[in-house]
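Structures incoming, each one as structure tokens.
The following pair of complexes shares a single chain, chain A, combined with chain B in the former and chain C in the latter.
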Partner chain A sequence: MKLAILGAGDVGRSVADLAGEYGHDVVALADSSHAAVDPDGIAVESALERKVGGEAVGTADPEDVFDTDYDVLVEATPTTLGDAEPGFSHVQRALEADRHAVLANKGPVAERYEELRALEAESAGSIRFEATVGGAIPILSTIEDSTPEAVTAVRGVLNGTANFILTRMAAEGLDYEHVLAEAQDLGVAEADPTFDVDGTDAALKFVILANVLSDGGFSLEDATVEGIQNIPGSALDLAAEDGRTIRLIGEATRDGVRVGPRLVPENGALAVTGTRNIVQIETRHAGSLHTSGRGAGGPETATAVLSDVGRLPPL
Partner chain B sequence: MGNVPASGDEDDPDAETDGGVRAYTVRLELVDEPGELLSALAPIADNGGNLLSIHHERGNITPRGHIPVEVDMECPPDRFDGIVEALRDAGINVIQAGEEHYGEEISVVLIGHLVETDLSNTLSRIEDEADAIVQDLSLTSPEGTDGVASARARLAINSGRSTEALETIRAIGTDKELTVVEPLLAGDAA
Partner chain C sequence: MKLAILGAGDVGRSVADLAGEYGHDVVALADSSHAAVDPDGIAVESALERKVGGEAVGTADPEDVFDTDYDVLVEATPTTLGDAEPGFSHVQRALEADRHAVLANKGPVAERYEELRALEAESAGSIRFEATVGGAIPILSTIEDSTPEAVTAVRGVLNGTANFILTRMAAEGLDYEHVLAEAQDLGVAEADPTFDVDGTDAALKFVILANVLSDGGFSLEDATVEGIQNIPGSALDLAAEDGRTIRLIGEATRDGVRVGPRLVPENGALAVTGTRNIVQIETRHAGSLHTSGRGAGGPETATAVLSDVGRLPPL
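And now, the complex of A and B:
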């Protein structure tokens, strides 16, 4: 397949880097101001070197990406809330041109799911978005294999930053601010960690899961969301006295989406440590399935994008 | 070999243990003889139960002349029936047998200005409005009584009422501007 990649952050760059290994060609790679475009395949290595070195990724205009001959548009621009632009329009243009779109950007799938599905119904192309939920972990494909109708609930940990902070607080008996600063030093938390610690990032993922279970109907404003900012170290100590710990747990069912700090058994399956993610998929006929792994990171998330590309039908 | 359990393995091979644990209360009647309590507790531990507390009311005799004992324990939900069965096999009289009679126990952690917002009123409201019994309470207040404190309460709740009770506790928390950390109930499968 010929890939046109929008977004040259960690994920977009890693998709470009790994595409060859998966047998695909990169015909375009664009950030918000420049693009490298070549219908015969761009020179990925030099484009990545330019981007990482602070130069323009290429000499073309990002608009030129849409005029080149591609099979799959990879939408890896930063997640935006509300109208989910410009990601939504990027996907819309691909579908209207009868091309496939694979998203790593959560915004359009969380906020405008029904519109995406309507556009897909009119298009020869299809959309896939494994990378939006749990990075490298095959969650949506597991649900797809079980059929969404047979899945009753998905719950678990889908934000590595919050999980890292809670793990460190419990292990060291430290307070939230202290551990957050440490996480920022380690690069685990961003300079502005708001969406990770207030539950928004996890909520977007569980909204996407609820949309998949119900075939739409949910957006971020339908979710009940609570963060971990108010959890003191002493609360984790009290939980530990009882063989429990606190994790930022999300739940998606057909009735709704809820994300908040919850008590879970200290040695239970959902109490993963560090930045690791896990989900429990509750099914009608097969009990619960647990799947765990790295929920973020450039190469990790890129593997989910490229798995999706591999599952697309030929155009 | 596959999943065939070794002979002599007392664990129920069909029990699933990755769904977390849940707390239960079991009421037993013991004959007033030495060693009777120990033989009543062994089947619980042998079958994957974790004892939380034992109320052994020695002075209290049932009409049949037995001693009532209330055992709080936790175990994976799939192991509970096996524990009750093992108790009966050991000749222990389990008084409350029907599943609807088993009480549920849950823990919640409350965070905020617990002292300023009148902790004892908070607990009475939980007992009255959520129809729960506060079985034990652990409080830490590292910043002193006027700072942010945390409390863990273990609550006994009527069977099948945990979800409603937690909704009520959440509302009380909102009302008093407290953060309520609820348990993720195991075996929530709907």
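And now, the complex of A and C:
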């Protein structure tokens, strides 16, 4: 398939880098100001070198991407809340042109799910968004194959930054501020870590899951969310005395979404360590399926995008 | 889709029972001597009642199934080794009739993989076999979506009977014979438990995985297999002193298949308890994906069959 990639951050660049290995061509790669566009396939390596080297990714205008012949628009621009723009409009234009759209951007799927599905219904193209929930971990495709009706709940750890911080606080007896600084040094937390530590990032993912289970009906404002910024080191010590630890756990059911710090058994499935993510998918007939892995990262998220591309029907 | 189910054991009956929930019709259900056949859909509940009540599942001959109009043949007859008959011929006839085949029967996929793929290439129908490896756990579809080339190894626990026995031996300090008897009373081990305890069942599954990774080339005789029958209770006590336990672990890579008892960290991912299964899928770009769940059981395995049906292209 011919991929037009919007967004040249970690995810967009990794999709461009790995596309060939999965048998696809990259006909466009755009950031917010420039684009590399070539209907016969762009020179990916050169484009990536330019971008990483601080130069313009290409000489075209991002708007030119929509005039190119592509099969799949990959939406990998930064997540925005509320109206989820410009991501939502990007996907809208692809669907209105009867093209597919694969999202790594959580905004449109969390905040305007029903509108996306309505556009999809009118289009020859389809939307897929595995990469929006749990990076490399095949959560949405597992739910899709089980059929959403057979899934009663999805629970787990879907933010690696918060999980890393809690893991280190418990392991070293250090306080939150100290470990956050360590996480930023390591690149595990961003300079502005707000969405990771206040639970918003996890909540967006569980809102997406609730939308999948119920075929819409939820947005971020419907979620009950509490972050990890107020957990004292002493709380983890106390938990440890009882064979427990604390993790930022989210849950999505047909009734709604809750994210917050919870006590979990120290050696239990939910006590994943470091930046790893895990979900427990509760099903009607097959008990509880657990899937864990790397929930974030350029290549990891790119594999989810390319898995989605592989599952699209031909146009 | 119209399903023709061969095999009326736990799996076949569960597929018949759940098919309606997934939007499919059952046009035939056959055991080794009789069949219920109706091109407009059989009365599933009555057929199941008859079978479970010890009566003939229907008044037709199993051969009549192949004269019926069906879309998907579900092969859920008992696993046989070597020539994998009669399962192999059942699948062959479906493919030669340009119909799909979904297998829960490991025999044909483990022992005659290349022949199946050759028949599939000549057919309008496709084969899928998620249910042959790990029951409800979506292992093959995860590998398929990642693309087999991106997977370097698959490792884990894929036999619940052996895992249950080892879990109980460690927990209670009992010896193998005692726990095996308990497992048989609970229905976790069969009257003839040989294939579960000598590692053959796990080996068949890892052979199937090796065939998927390498697109053929392996059968059961290529696997190095050791079972759990000779593990003394003292071995587990000794392991526990070191923070370890013993599990029957299998591994499939492009080089081959090995199954045998291994020491694993007591609280590590591979130390699943009871009858649960787990696999670690090692990938080139996305690290290690872990998936665990119920590896066996009628409804559990049926959900894997029905997930496969959902992924078949229209005929």
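Things worth noting here:
The definition used in the following text is that the second predicted complex is superposed on the first by the 315 of 315 C-alpha atoms of A that agree within 3 Å, B and C clash if a C-alpha of one lies under 4 Å from a C-alpha of the other, contacts with A are read in each partner's own complex, and residues count from 1 in each chain.
Criterion: a residue touches a chain if its C-beta (ideal position, glycine included) is under 8 Å from a C-beta of that chain, and two chains touch if they have at least 3 such contacts.
All figures in this text were calculated on a predicted structure; none of them were measured in a lab.
In the superposition on chain A, A:181 makes contact with neither chain B nor chain C.
Once the two complexes are laid over each other on the shared chain, residue contacts for A:288 go to chain B and to chain C alike. By the touch criterion defined above, A:262 reaches chain B but does not reach chain C. Of the two partner chains, chain C is the only one that A:310 touches; chain B does not reach it.
Once the two complexes are overlaid on the shared chain, A:43 sits clear of chain B and of chain C alike.
Overlaid on A, the two complexes show chain B and chain C touching the same residues of chain A, namely 269, 287-288, 290.
Note for the complex: chain C touches chain A at residues 14, 18, 21-22, 135-138, 141-142, 145-147, 149-150, 267, 269, 283, 285-294, 299-300, 302-303, 306-307, 310-311.
Across the complex, chain B is touched by residues 152-153, 155, 226, 230-232, 234-235, 237-239, 241-244, 246, 249, 253, 260-265, 268-270, 282, 287-288, 290 of chain A. Chain contact summary for the complex, chain B toward chain A: residues 16, 18-21, 50, 107-109, 111-112, 138, 140-142, 148-152, 154, 179, 181-184, 186, 188-190.
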